[in-house]
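The structures come next, written out as structure tokens.
One chain, chain A, links the two complexes that follow: it is found with chain B in the first and with chain C in the second.
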Partner chain A sequence: MHIPDGYLGPATCGFFYLVMLPIWTIASRIVKKTLKTRQVPMLAIGAAFSFVIMMFNLPIPGGSTGHAVGGVLVAILLGPWAACIAITVALVIQALLFGDGGITAIGANCFNMAFVLPFAGYYVYRAVSYKAPAGSNRRVVAAGVAGYIGINVAAVLAGVEFGLQPLLHHTSIGQALYCPYGLKVAVFTMAGEHLLIFGWVEVIVTALVVKYLLKQSPELIEEREAG
Partner chain B sequence: MFKNNNFIERSILGALSFLKDSIFADEYALKSGFLQSLDPRVKSITFLFLIIQVLLAKSLFILAVLYVFCLLIVRLSNIRLGFFLKRTWIFMPLFSLFIAIPALFSFFTPGQALVTLHTGLLEIIITRQGLFVATLFISRVITSVSFIILLSLTTRHFELLRVLRIFKVPQIFVMTLGMCYRYIFLFVQVIENTYLGIKSRIGRGIHYKKGRDIVSWNIALLWQRSLKLNEEVYNAMLSRGYNGEPVLINKFKTTYKDWVWVCFFSGISFWALYTIYGRSHF
Partner chain C sequence: MKLITKFWIGIAILIVLSPLGLIIPEHFKAGSAWGEWSVDEIQRLAGYIPRGLSKLSSLWNAPIPDYTFKGWGEKGLSHLSFAYIISAILGVIVVVAITLIIGKFLLKKGD
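What follows is the complex of A and B.
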């Protein structure tokens, strides 16, 4: 889902930087206010954690592999605003040091994966697990549903961003200058592969990690929810 | 059945190649070369402008000139061309090449037929417009990726992250970036050791369902370990004088080489912008 440089035109890149600027500002203010000084390294750990989760390749029947984003998981564990900062940091490191995801597309990538994905997933989790008792299986189901919805909403948005490019940026005779596929193809492809494959990878990772933590260290999730 | 997926080995290999890449990257950044001798601030700003120019370019010629310019400074910076091409082409551009292939054909990009292939009942047409769209797309991706990788290869990673301060990035982001970078190395080590431990106990053959459980348990375990680490790191920060506000030491210094680079960069930028927007705009 990482959008590299060259897929989105300058107007789209600029637009998403403008959209993300107030979100980053609000996120840093909220996190500075709510995060205790003692918890500061947790942000960095959350970012490294999200980065590393993307390195865990899961086997898919048929021999292929896929990876999770972990955005919803970090949001459940740290809260959505802290997750926004943590995933932004992970995406910046990936773009700047490893060329995975573009510099000009950081705004769009962060909007999809550091804002929409954790927020959508987090609130779905809160809604589905509402008043669920500690250690309840409903929390595990809620985490899975949240992971699936979060990653799919983000993927559809990325598809819309790709699909708008031929309409926004083209030559005088209509040739696409950036991503060459229209809305139908781009949204269908992005939604299809995430609904069928990567969405399920996210479900497995989010649900099983929450299940394990509820069993081994339930305080990690309950403290966060109480706070 | 999927008993021999070897996903554990694949993950270990992924982690190892990540580590190796990072070590190599610092190796090049420590070498003596043109880009290595520049002030990271000047280098980062000029590279950002170069990437923006790649984004704005609408012709293959401009992209080709910018790509050749990139390869030229690769050589001036004592980086092996073979290594650089392998590093830049292997991941994102190759993936983009795969994405761009359908755009060659008339069902995605209608236009003037360039090549017509007859396969039984089906007639596949590669259009001139399709070829332009796909080539422009790939050229833009490879040129952008090349500039980013070159910046990352020739600048020490900590310096590159510190440069973000000049872009007025809030301190909480810069501090988190610096710390996160260290944690990634530590986490990769933890994963490597854990997988090695699992492999030595269960051997090669593992059902993919069991494999999923192991991966998920490891992610959860990593989070538990991280929490323990948090306490230790915070105490280490306190013992080094941390009082809630991070202090960043700025050792950057500009030299005559930076001005030579700025002149060089300005020349190519002026030419590119002049060509992109045409004479009428100047």
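What follows is the complex of A and C.
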């Protein structure tokens, strides 16, 4: 889901940078208000976790690869605004140091994976786990459902961004200037791959860690919900 | 053991296991992620190289492209796995350092 340089035209790249600027500003204002000293290491762990979990590529045999983002888990533990900051750091380093995701596409990639993914996941989690008792398994289920929806919404968005390019930019003979695949193929493939395979990795990662934490350190999850 | 220590151990375990993200796709002969093809792959898939794409795709020269060292592309899986772990360590160190700096900045109240 890391859109590289050259797949999105300048209009799309600029648009998503413009959309992300206020989101990053609001995120830092909100986190500034609520962040406590002892939570800073957790923020760093969230960013590191998201960075490293994205290195676990899984194959579609004979086809393409993909991975989990870990962002829904970070959002459940730290809140969606802090998750936005943590995942943004991971995505920017991936682009700058490792060429994973384009420099021009940082706005779009952050919109998909550092904004929409943690927010969609977080609110699905809150809705499904609403008033669930502390030790309830419904929280684990909620985490899994949230992971699945979060990553798939992000994948569909990436598909739409890819797929709009041939409509926005093409030569007079109809050759695309950027991503050559249109909406149908791009959305179908991005959604299909994540609904069938990669989304389930996000489910497993999110649900397992939440299950573990509910046993080991339930206050970490409940404190977040109270605050 | 403190929970935070357990989390760091978890990250360390993920770093050590990270080459699985390289080896398993290789084993199943899976290629690039959808939409993340190189210019050569695009040429093969679409039959042409979109003009804007070929211009922009080489915009940035990442120091450790695709989590491997430059010129190591043709080396075996064990070399690539080693480079992958080093990349994971480096990446985690940089990500953690930057997040801690941002955290410190965000903790400053009253401005």
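One rule holds in what follows: the second predicted complex is superposed on the first by the 212 of 227 C-alpha atoms of A that agree within 3 Å, B and C clash if a C-alpha of one lies under 4 Å from a C-alpha of the other, contacts with A are read in each partner's own complex, and residues count from 1 in each chain.
One rule holds in what follows: contacts are C-beta pairs under 8 Å (C-beta built on N, C-alpha and C of every residue); 3 or more make two chains touch, one makes a residue touch a chain.
If you're wondering where the values come from, they're calculated on a predicted model, not measured in any experiment.
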Would you mind checking whether chain B and chain C clash or fit side by side on chain A after the superposition?
clash
Give one of first, second, both or neither to describe whether A:Trp24 is in contact with chain B, with chain C, with both, or with none.
first
Would you sort A:Ile204 into first (chain B), second (chain C), both or neither based on which partner it touches?
first
Given the touch rule stated above, what does A:Met1 touch, chain B (first), chain C (second), both, or neither?
second
Look at A:Ser136 in the shared chain and tell me whether it touches chain B only, chain C only, both, or neither; answer first, second, both or neither.
neither
Now for A:Ser217: first (chain B), second (chain C), both, or neither, which partner does it touch?
both
Of the partners chain B and chain C, which touch A:Ala47 in the superposed model: first, second, both, neither?
both
Which of chain B and chain C A:Ala90 touches, first, second, both or neither
both
Should A:Thr171 be classified as contacting the first partner (chain B), the second (chain C), both, or neither?
both
Tell me the contact category for A:Gly102 with respect to chain B and chain C: first, second, both or neither.
both
Clash-wise, after the superposition, say which stretch of chain B runs into chain C: 96-104, 114-122, 204-212 or 258-266.
96-104
Counting contacts the way the document defines them, which residues of chain A are shared by the two interfaces, the one with chain B and the one with chain C?
4-7, 9, 28, 31-32, 37, 39-45, 47-49, 51-53, 55-59, 61-63, 65, 85-86, 89-90, 93, 95-100, 102-104, 171, 175-181, 216-217, 220
Which part of chain A faces chain C closely enough to touch in the complex?
1-7, 9, 28, 31-32, 35, 37, 39-49, 51-53, 55-67, 85-86, 89-90, 93-100, 102-104, 158, 162, 169, 171, 175-181, 186, 189-190, 193, 216-217, 220
In the complex, go through chain C and note every residue touching chain A.
3-4, 6-8, 10-11, 14-15, 17-18, 20-22, 24-25, 27-36, 42, 45-46, 48, 50-67, 84, 87-88, 90-92, 94-96, 98-100, 102-104, 106-107, 109
Within their complex, chain B touches chain A through residues 2, 5, 7, 10-11, 14-15, 18, 21-22, 25, 48, 51-52, 54-56, 58, 88, 91-92, 96, 100, 102-103, 108-109, 129, 132-134, 136-137, 140-141, 143-145, 148-149, 151-152, 157, 160-161, 170, 172-173, 175-184, 186-188, 191, 208, 211-213, 215-224, 226-227, 229-231, 233-234, 237, 244
Touching residues (chain side chain A, partner chain B) in the complex
4-7, 9-10, 13, 24-25, 28, 31-32, 37-45, 47-49, 51-53, 55-59, 61-63, 65, 70, 73, 77, 85-86, 88-90, 92-93, 95-100, 102-104, 171, 173, 175-181, 185, 204-205, 208-209, 211-213, 216-217, 220
